[in-house]
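Structures given as structure tokens follow.
You will see chain A twice below: alongside chain B first, and alongside chain C after that.
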Partner chain A sequence: MTDLPTVPVGAPTESGAPGLRARRPARPRRSRAHRLSRTDKAVLTVMVAVPTALVVGLVWLPAIATVILSFSNWDGIGGLGTIHWIGFENYQNVVTNYPPFKPAIEHNVIWLAVMFLLATPLGMFLAVLLDRQLRASAFYQASFFLPVVLSLALLGFIWQLIYSSDQGLLNNVLGTKVDWYGDPSVNLWAVLVAASWRHTGYIMLLYLAGLKAVDPSLREAAQMDGASERRAFFSVVFPVMRPVNVIILVVTVIESLRAFDLVWVINKGRNGLELISALVTNNVVGEASRIGFGSALATIMLVISLVFITIYLATVMREDT
Partner chain B sequence: MLANAGKAAGVDVKVNTVDHNTFQENINNYLQGKPDDVFTWFAGYRMQFFAEKGLIGDVSDVWQNITGMSDALKTASTGADGKQYFVPLTNYPWAVFYRKSVFAEKGYQVPKTLDEFKTLGTQMKKDGLVPIAFADKDGWPAFGTFDILNMRINGYQFHLDLMAGKEAWTDPKVKTVFDTWQGLLPLHQEGSLGRTWQEAAQSLQKKEAGTYLLGMFVGQQFPTEEQADLDFFPFPEIDSNIGADALDAPIDGFLMAKKPRNEAGAKKLLAALAKPAAEQDYVTSDPTVIAVSSEADTSKYSTLQLKGVELVKNAKSIAQFLDRDTRPDFSSTVMIPSIQAWIKSPGDVDSILKDIESQKKTIFASQ
Partner chain C sequence: MATSTVTAGGALTTTRDTTRARRPRASRVTLHVFLAVMALLWLFPVLWAFLSSFRDYNYTSTHGYASFGGFTLENYKNAWEQADFGRHFWNSVIITVPAVTITLFLASCVAFVLARFSFRFNIALLGLFTAANLLPQQSLLIPLYRLFRSVPLPYFMSDSGILLDSFWGLILVNTAFQTGFCVFVLSNYMKTLPHELYEAAMVDGAGILRQFFQITLPLCRPPLAALATLEITWIYNEFFWATVLMQTGDKFPITSSLNNLRGTFFTDDNLVSAASVLVALPTLVVFFVLQRQFVSGLTLGATKG
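For the complex of A and B:
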């Protein structure tokens, strides 16, 4: 196959307009297809079919099944014939007859706000700082990224050592007796500190990768025009990083809606740490087995996520045209 | 224990060990898949629920030949249709635990009524102890306090009916339980929602707390040399008409699969497991439980276990603990958050009870 030269993100192509990908005028497509042998086609088909089957079977079908089951009141026992269909009753119950629901929504929103307004900008800021030729740059990157590499259960344990009300580091150093995990007015914020610690590292790495791909000639041009560092970043680099910015935004939203592991490890998502994902797990997994009710909660989570995904897709599609 | 029981039954037993929590959480899938012929579980509502749904096997014929098990045990092993499905092995009582040395040193007396308990608590506070250790981070330990208060104030039958969904949570009787509990809250350890039962038990062990209402497994938090110092008394009487002989004593035991691969062998194994020898084998390895059979050899029991046996034997009414006496979806998705919400703000009792009742209606009305 001929090697199409790719141009770095953001740099102007010969035609002068910045774009995601720039191609030289290529040869007509049809002749490229004719170069694929039958083995190639077979391999391609398998390589596409297997992941597609997995995604459809393990993601799409269960998701659709969840939405369907949310209209039932099934407890997971007995065959499909034992399912009672009850329409929107589960949704009614979720909204009016389930005290943990409202706090869960509030907490998810707070989680999103904190990630979006604090953790993500902090990650971006760290990335910008690390984008220069610092001496210990690799060390900084590794140390910021370390929390991302650790499993969330391990993170829960580490922060437990810090937050424990009797034996933890924080209370012993500050001399306070705050019940960080047990007091519902503080525990969400305590958990958010732990979650942001991890999220910041993640965003930092994504953004750093994007920054490294920005054409240095842009920065030189801005410098020559006499722009300060700050101005150079906000007026030149930031707009050009648009695709990475969108990715960061989507990742932030998804991680906020998906937030689960930390609160589950701490106290199964109760007493001030309610999150929708924890509520779903509480209802569906285990002996409780309120499959219909839990599916309704999961569907609500899906709908909220869909809103953001739709916005993202609309933005991306619009860019491609 | 299983090896010996297998030998006694003349069957070859293959043991399949699964982590406790995993097993409990996956029980629905397990039973509908390929369950082992015989498996461990507990007595209570859930067992009866499985029986109703046809997921476990009838072992009434094994029960015909079982001796040494009280009527209370047989009732606890019976399904809603009057047939037996469960073979008990061990149980343990819930009671108020304390350290003998602390009581002796400070000159405390074991309280027989609630007023005496409150006086004792006030005295303990003056002496710098937390009167009643308390932990509810996991959500279920506080059920013990609710259960015993309900049984003392409203009687065993009302408690069971409430668990079965036949009584309303908005009933003034239930409110009385919470009001009584609220009166005792100043004696309870603060910050319970951030404390696990292990930590509360440790505060009893460290002589920071005076008493702790928990199951006999509280002993697991005491080092071996201090086990002899542990003692208990049944929760004091509140209403003299009702007395103090009801208690929570969850029973662990065995069930048989609906379609075991070797039904005759399974039944023989269950018969062997119902014998005192099997229970003794098990109790040797876990000194925080007691064998259920009255024929079990208690010579190797610690003083605490012997007391436990007496307590359970004299109990006229045995409950299985809230999360085993009622529907598990009700107990875990409704009761845990509600009790935690009440502990946070006891003044909201009316709205909390109203919410419990309305959620209970939807859950119990479903299949």
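For the complex of A and C:
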């Protein structure tokens, strides 16, 4: 999994082309297509059609196919003709007849809760602290941001050095013999520490960029009115940051839903580390390929994510309309 | 988005300086202590991995990690050889370089059309692209897996004979998944380019292709550089697709080869740390050398016209 590519956290680029900084006075609308020659029209069509075909063909059509397959009991071996349609039976089985489903849902919810209640607020808090003229600010920022360039799979390796049961640092320091990655009563929390380590830095970065774009005169005005720094943040800056807040919320939700690499590299998402994403994968590439059943799980993920993607799009595109 | 409020840097600094003067000294110290402690806490896991990677296994297993000494470079040599790192690094290059190049090119094409003309379907198209890489990868896995298994490739392209278990498949899927984000960022940037440039070019008789290659692309160097940095890191770090769409062990790119390494290195954490440092190295280079590009890539796309 790569990072959730979030975008537009209101930061001006430092290296923009000349004239990009200030909002330009009204300029002529972008031109319409009617003045174009036939060649130009053909070129434009190709420029849009090829990437669109790629994205539709490899992202959207498979997503739709997943939904359709979730109503079948296909084993993935026979041709498409062997598909039987069984209505909502897969969903019924997922809920009533599939022991790992309940823990997986619980773990995803715990994951989201930890990110939402601890990692994200911590990242925002660090961003607020760093959003001022501070000596060594670059050093602090770089430290928090360092984990963001590392892959989540690699995180599993790096934290193994701290968590492993006999050679791990943690057990050596505490004098314990806990198998932090293996023991199902603690491993989720151990993994969440590693995931939060990265997520905090990521949120710090996004939020800091957002904060830098807030009009300083707003804060100044609040200070003139005698508001304390805390008050100024909560009653002036935070509300202005609404789009960034929404984006960070959506990032947190979708990242929590897509969490996969870390648990997969540790134990393929079993034994205390069940996550929906790992269940889907296990049902497709694992020992039993249960296409219809796996698709039902995947569709559940898809529906949840689409709700938040819609919120995200509504937020980032508001200015485009 | 609070983009219309960008103020000149000078004004910003002055206001901040007065704030600083008024702030009591003690709270300033507390702030620095807090941030320094947090920063060290954040750096610690990486520093620890770095340190352990130079320790001899026999030394640390008898003296414990809290000792000093037993420094060696052997772990790197062993990790490199046992894990066949040279091959896996090369696999990462084979996948990452074309995927990033194609992604940026295709995204520039779409972004150019979206930014330059106002067709009725613009918003829908932008949504289609932007949403595409927010979807959970697992929800596309089943049909894609089937599709890749049924697409034949000539043997000179893929020794598996199909798109599954081939570099082409991974390049395609990474490109499809990452294009959306780049379209979004680039189209926002392109919308800020002065329209008069195109008017002038059209008066000179430049067609769409010349406008794209000679005006738009050169002006988009900053976002392209930032996106390239970001995408190289992401595709290099990509784990899921390579894990499920590759099947032959020696074709895995480095990040997903980690999955098989845990078994190999299970008994020796110092080897694990040397491997971690090796895998992290390219992204650490990005971190130290191209940090500004990376950060501006993540936070770019806000300069809306």
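Quick note on the criterion: the second predicted complex is superposed on the first by the 252 of 321 C-alpha atoms of A that agree within 3 Å, B and C clash if a C-alpha of one lies under 4 Å from a C-alpha of the other, contacts with A are read in each partner's own complex, and residues count from 1 in each chain.
Here is the rule we go by: a residue touches a chain if its C-beta (ideal position, glycine included) is under 8 Å from a C-beta of that chain, and two chains touch if they have at least 3 such contacts.
These numbers come from a predicted model, not from an experiment.
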Can A:95 be said to touch chain B (first), chain C (second), both, or neither? neither
Partner chain in contact with A:285 - chain B first, chain C second, else both or neither: both
Is A:151 in contact with chain B, with chain C, with both, or with neither (first, second, both, neither)? second
For A:60 in the superposed arrangement: first (chain B), second (chain C), both or neither? second
Where does A:295 make contact in the superposed view: on chain B (first), on chain C (second), on both, or on neither? second
So in the superposed three-chain picture, is A:113 touching just chain B, just chain C, both, or none of them (first/second/both/neither)? neither
As a test of reading the superposition: which chain, chain B or chain C, is in touch with more residues of chain A? C
State which residues of chain A lie in both footprints, the one left by chain B and the one left by chain C. 76, 285
Show which residues of chain A lie in contact with chain B when the two form their complex. 73-78, 82, 84, 89, 93, 97-100, 165-166, 179-184, 187, 267-268, 270-271, 282-283, 285-290, 292-293
Residue ranges of chain B touching chain A (in the complex, touch as defined): 24-25, 27-29, 31-32, 46, 53, 55, 137-139, 191-195, 199, 328-329, 332-333, 336-338, 340-341, 344, 355, 358-359, 362-363, 366-367
